[in-house]
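By written order: A, B, C, D and E. Residues from 1 in each chain.
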Amino acid sequence: MAKKTRKKLGLPPGSLVFTGKQKIDKVLINYLEYDQENYRTESPENDSFATLHQPVDNLVQWYDIRGLHDLEVIQKLGTTFHLHPLVLEDIADTQQRPKYEEYDNGIIIILKALTFNTTEIRVKTEQISVYLGPDFLLSFQEDKTDLFHLIRERIRLSKGRIRKKHADYLVYTLLDIIMDSYYIILDKIELEIEKLETNIIENQDKNCKSEIHQLKQEMMKIRKCIAPLREAISRFSKSEHDLISENTKVFLRDLYDHNVQLLDTTENYRDMLNSLQDLYLSEISFRMNEIMQMLTLITSIFVPLSFLAGLYGMNFEYIPELHFKHGYFILLAVMFLISGSMLYYFKKAKWF
Amino acid sequence: MAKKTRKKLGLPPGSLVFTGKQKIDKVLINYLEYDQENYRTESPENDSFATLHQPVDNLVQWYDIRGLHDLEVIQKLGTTFHLHPLVLEDIADTQQRPKYEEYDNGIIIILKALTFNTTEIRVKTEQISVYLGPDFLLSFQEDKTDLFHLIRERIRLSKGRIRKKHADYLVYTLLDIIMDSYYIILDKIELEIEKLETNIIENQDKNCKSEIHQLKQEMMKIRKCIAPLREAISRFSKSEHDLISENTKVFLRDLYDHNVQLLDTTENYRDMLNSLQDLYLSEISFRMNEIMQMLTLITSIFVPLSFLAGLYGMNFEYIPELHFKHGYFILLAVMFLISGSMLYYFKKAKWF
Amino acid sequence: MAKKTRKKLGLPPGSLVFTGKQKIDKVLINYLEYDQENYRTESPENDSFATLHQPVDNLVQWYDIRGLHDLEVIQKLGTTFHLHPLVLEDIADTQQRPKYEEYDNGIIIILKALTFNTTEIRVKTEQISVYLGPDFLLSFQEDKTDLFHLIRERIRLSKGRIRKKHADYLVYTLLDIIMDSYYIILDKIELEIEKLETNIIENQDKNCKSEIHQLKQEMMKIRKCIAPLREAISRFSKSEHDLISENTKVFLRDLYDHNVQLLDTTENYRDMLNSLQDLYLSEISFRMNEIMQMLTLITSIFVPLSFLAGLYGMNFEYIPELHFKHGYFILLAVMFLISGSMLYYFKKAKWF
Amino acid sequence: MAKKTRKKLGLPPGSLVFTGKQKIDKVLINYLEYDQENYRTESPENDSFATLHQPVDNLVQWYDIRGLHDLEVIQKLGTTFHLHPLVLEDIADTQQRPKYEEYDNGIIIILKALTFNTTEIRVKTEQISVYLGPDFLLSFQEDKTDLFHLIRERIRLSKGRIRKKHADYLVYTLLDIIMDSYYIILDKIELEIEKLETNIIENQDKNCKSEIHQLKQEMMKIRKCIAPLREAISRFSKSEHDLISENTKVFLRDLYDHNVQLLDTTENYRDMLNSLQDLYLSEISFRMNEIMQMLTLITSIFVPLSFLAGLYGMNFEYIPELHFKHGYFILLAVMFLISGSMLYYFKKAKWF
Amino acid sequence: MAKKTRKKLGLPPGSLVFTGKQKIDKVLINYLEYDQENYRTESPENDSFATLHQPVDNLVQWYDIRGLHDLEVIQKLGTTFHLHPLVLEDIADTQQRPKYEEYDNGIIIILKALTFNTTEIRVKTEQISVYLGPDFLLSFQEDKTDLFHLIRERIRLSKGRIRKKHADYLVYTLLDIIMDSYYIILDKIELEIEKLETNIIENQDKNCKSEIHQLKQEMMKIRKCIAPLREAISRFSKSEHDLISENTKVFLRDLYDHNVQLLDTTENYRDMLNSLQDLYLSEISFRMNEIMQMLTLITSIFVPLSFLAGLYGMNFEYIPELHFKHGYFILLAVMFLISGSMLYYFKKAKWF
């Protein structure tokens, strides 16, 4: 999470600074236009996209940009599409908190896509920015993998309502698919939690500690991605902006409900992890105490016996018992009796 | 809770996906119509229900569907009754958070029915969806058991106000009976908590740990069902929708009060469980420490005695005490004195 | 708190179900009417009260009913005074959360009277319902003891403002006297807490644990009675209902302030109890550890001495020290030196 | 805090009951009047103040009353200045929560003055009530010490703005001086916390426990005085009452900011105390464990040596080692080796 | 934080009191004026600045004052620029909570600049006040180091938008650069946390305790600087004051988002530190217990052996085993067997 110091101290606000790691060699741009009848896709070279853009009525024009490190490209996009300087800054700064902001001629939504690596128990985040302009939609991904190929496919096959709707509905579908991926992450995490729970209750695995710690950290990261989305989507769904139709708002409210549910679930998992950690700690300390108790019990049984043995090892001139005929065997019997009754008492008092 | 991954990633929003386990072989539909004078019931075959529906003034028409796995049936219902695609998606997705949503021509309420298995200490949830349309009411249950047979009976016998009222009042009674079942669940859980409390205080039962853990998990589940209902019912009771009469709202506010009370109670039980867990842990650690203390006490009493015995077991040429006449008995007396005074001191200092 | 399962599952809403224990043999009704000049009291038989009621201008007519188990009586009252079915249900259900509800022709306030049994450390609750109608006031108590006799007395003696005011002011005085009784309860609990504190700090009493646990449970109960009152009184004091005059609202706001103060105090006591429990636990564990430390210290002082004794108890043919003239005494001196310096070191290092 | 049971159960609301301890023999009244030119002070006898009061335009008339136990005096004041009965009740009840209330012809502010006794670590509270009427100001102190003498002095010397302003500004200065005294208290408490911190980290002082407990209790008391002031001052500063000028509100908002800052600081100190307590407990338990570890280490080093000594103290007829020439010295060497390597191993494993 | 008692008790409100430490010898004043074409800078002597100020249309006039101890200078500034007395008081009182206040003819923003000393793990705060008047801007720093030299540079070089904008935009850039410095502090703290985490997990460093404690304290300090800023910036960005243009508000909202993100991060770090502390404590106690367990295990293995040795060291006349030919060796074998099987059992039961 750290080591990515925002290097912009002293730069003018609105300065473009890329704050992430470069995850892709060369910026990829994917252009797609569609309405109910038409469908066309293109992958323009970096320099040519600017001339591409010609607004057409009711035609959705979607530019999907992958890779944010090439600030020149982003700057050009800004000029072509008349983006506010703060929008450009937000897109390039991959450490943005999820947010929704309206400008006179467009709206921007920034959120995080998540992937979960089960073996390392580590969540990776990728910043996704979606800008909805009056006659176009820009989406920005950090990475090479195309999170939106399912939607592209759906548009191509004209499945669902999507071809009949405007760009605002497309924004919704983009958000929806990312939100769906959260469910998958959380399901994986739930599996991890259940594995841990079994491990703790059945195997008293001593290594759970760092795994729980790790999972708690990752849950924090996830929460940080989901929680601010709530307000963002809420404001989106209540927006009075011209670009968002009433029809789409029903879907956005549904999205909002999903987000609340996700947030509930993360809270739930956090509680479960805390409760698991408590369980683990008490389990471990319980077991350690039990061992100590057993060991101490052994000692305390032999201590009186040793004393007796020591007693008859003394060199006093006159110790009558030493001269009894079966003294040794009587003592052995007495020792047996002592240890036996101690064990009996301890058992009865449930000391072991 | 887990392992039921929502499989819809990439599907268009509003796609019907059944996310639960199939709990019933074949979808059962139960049709009931009534007004103040008339009462008729029917169990149509799956395919025929569509033709059944003919709106009649002031006649309440209630379709109760049990079983959600057959998406075709749900789709048909959607077409017949003009349901919004998101409504259908919500009904089929049995992992919905309790919610209330208004559409132009109807309202949907989704909530959870709970059953509690005392022996396993496990809560099972069943999703109930109630859709109120302009001249009909649809209710969806996941399972075969009919949660609403008492209401059906009440309608048949014309008990209470129900036959004089409209469909919105019927919605209220359906919610009310589910809410009442929550009280029963919580009473059962309270019994479990009291049993645990007695167990801990009187028997120091070591197995309480996992039971407490289990109960806490189940309380979380219950809370997850009750808490979001608060907002849902609140919005319901304040709705300005044409389908809800002012008369019914008084009852809905009462329902809201009950919900708040239930929520209070769950919070209370959660606190009680936490407090119980603390009590349990301190009880256990207290007891373990007491045992350790006793064992250590035994050791520390014999250690000086053993030392004395060892002392007179030495082989020095000249140890005068060894040649005293009653040396052995004097030593025994001294030992008795030492251990006696140690015990006396420990007792007085309340060390055991 | 448990075992009083609401038995109404499946009954129509508004059904009268008595959910408490019968605390009185026969329902007692006490009637009192007064204005600035007139004062009359009566104790009608159950059946005759209905005919009693004849509204008179500016005459306050107060029916105080003790005992809720006889549902027939309550039903009759409902009919006579035109109470909403939900009002009757709320009155009979003694497990109501404190609440305030307005109806067209009246308002209902439900709250809990508390009594505290110091020896058992147990709080008992009694549900009080007060219904203010257009020209009458109904109050319901569960128990035989008359919580309101001081007010009756005040009316008789015409002390204070009460005879000059209307029924809404009477409602206020009823609430006020119950609120005052909360102060008394909390004072008693504070005394208990202080006793516990002294016990823990001075006597390290081991039995405090269950007392603290008990007090915490009772504080929860009290909180459950006081907390919801806040909203109830707030709504009462802001009500626009015709039955409540502006003059009375000043008093209600004062009541609200008292409630907030009470709530603060309960929060405070809860914190104090938690802090006390922490203190107790750390005190106990501290003391146990101290004992263990002392015992272990005894052992660790004798262990080297015993070793030395054992050393010279060996049967080697040639151990020169055994033949020294004052070997035994030299060894005793050495042992004395060792144990002495160990004690000195431990003391200096503050090990005991 | 306890033992001061409000004795008013059953008394009519608005009854005057003095709930504190009498802190002064005889009620002292101090009268002061001033405007930009005039200044006059007087200390009327109890009975004469009533005739004193003659409203003069733009003349601030300030009655400062010290001592609340003489209810007759307060009652007289109430009659002379037309105070609402609830105002009088609030003034006499020294256990009031800080509050602000508006009446038709005046406003009342009740707050607590604090003093801190460093040696006992105990906070004392004194209730201050300030009533602002249309042409006068009444202030009530419980105690003999005059908290306001600095302000009186300032008025006399005509320092600052005070002589040019109206009575509402005087109210502000009274509140301001009490608020300033809170800063002093909190500074003293911070000193205590820092002392404690040093004590814990450097000296591991075992007596810190009760001091921390005590300080936490006192912080609670302070918080109880400061927290409700926030709302009171907020309402004061937003008041639309005729008696408060717009000019004064700027100062009240500043007061509000100070109050928020004070509240922040108390929260901060509470956190610091909690964190200190955790530190203390872990420090103590850490140290105790360390001691136990050292003691156990001693034991476990000598135990094998003792065993060896015991071995060669056995009386078997044939133990060859006993007859070796340098058997004893070889054994001593072996023992030295064993204990040495144990120590070496323990050291290396950082066991001590 | 302590020892800087506000010395103003009893002084009139609005009195100038400098509450910090003097960090600079002599007050430095830096004057800068600019519009799109002009740029001029000057460092007036203390006494001359008053005559400097001549409002010019659209010319931004910025006075940057470093050093607050010379109250005469501040008083003069107050007179020259018609500052409200409370503004002056706030500027001189370096213990102000971050705040935003509007006056008729200007707005004041007070916030804290932070620096972090990594070796001492200590955060230092410096109070920054910015006053925006109708045709000028005053900024106050406590210290000699100029936090704003980057902005001065940017104005000189005419980088970014800054020369085209008004004074309100300059206020924004000043806030922005301080906010940016918070990011740097938090990054440094994250590094510290990560170092600690590694230390704890890998090295079980016993000194982490005080470092964690220290970091937690510093996080509290930082939080205290950032949290109140949220409300301040929020009110700034929603201000209807004439001095703030709509254009600037977009930037202020962006600033608000950054502040929220910073606050989130501090909360996150606090959680991480708490979680780290838990990890540390459990790690330490875990390790201590493990050591104790090993030591006790050693003891409990030798105790039975010592007993056997003692047994055959007894001086009974008739102990048959003593006369067996290979008695000694048989016993050695038995001892070996006993200790071996104990070790085997302990190993199998995972006791070490």
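Criterion: a residue touches a chain if its C-beta (ideal position, glycine included) is under 8 Å from a C-beta of that chain, and two chains touch if they have at least 3 such contacts.
Just so we're clear, the structure is a prediction, and the values are computed from it rather than from any experiment.
At the interface between chain D and chain E, two copies of one sequence, fewer than half of the residue numbers in use are shared by both copies. Rounded to whole angstrom units, the spacing between the C-alpha centres of chain C and chain E is 42. In chain B, the positions touching at least two other chains are 285, 292, 296, 299, 303, 306, 310, 313-315, 319. The touch graph of the protein chains shown is a ring with every node of degree two. Read around the assembly ring beginning with chain B and moving next to chain C, the chains appear as B, C, D, E, A.
Across the complex, chain C meets chain D through its residues 150-151, 153-154, 159-162, 172-173, 176-177, 180-181, 183-184, 187, 190-191, 194, 201, 250-251, 253-254, 257, 260-261, 264, 268, 271-272, 275, 278-279, 282-283, 285-286, 289-290, 292-293, 296-297, 299-300, 303-304, 306-307, 310-311, 313-320, 351.
In the complex of the two chains, the chain D residues touching chain C come out as 1-6, 8-15, 84-86, 90, 96-97, 99, 101, 103, 209-210, 213, 216-217, 220, 224, 228, 277, 281, 284-285, 288, 291-292, 294-296, 298-299, 302-303, 305-306, 309-310, 312-315, 319, 321-323, 325-328, 331.
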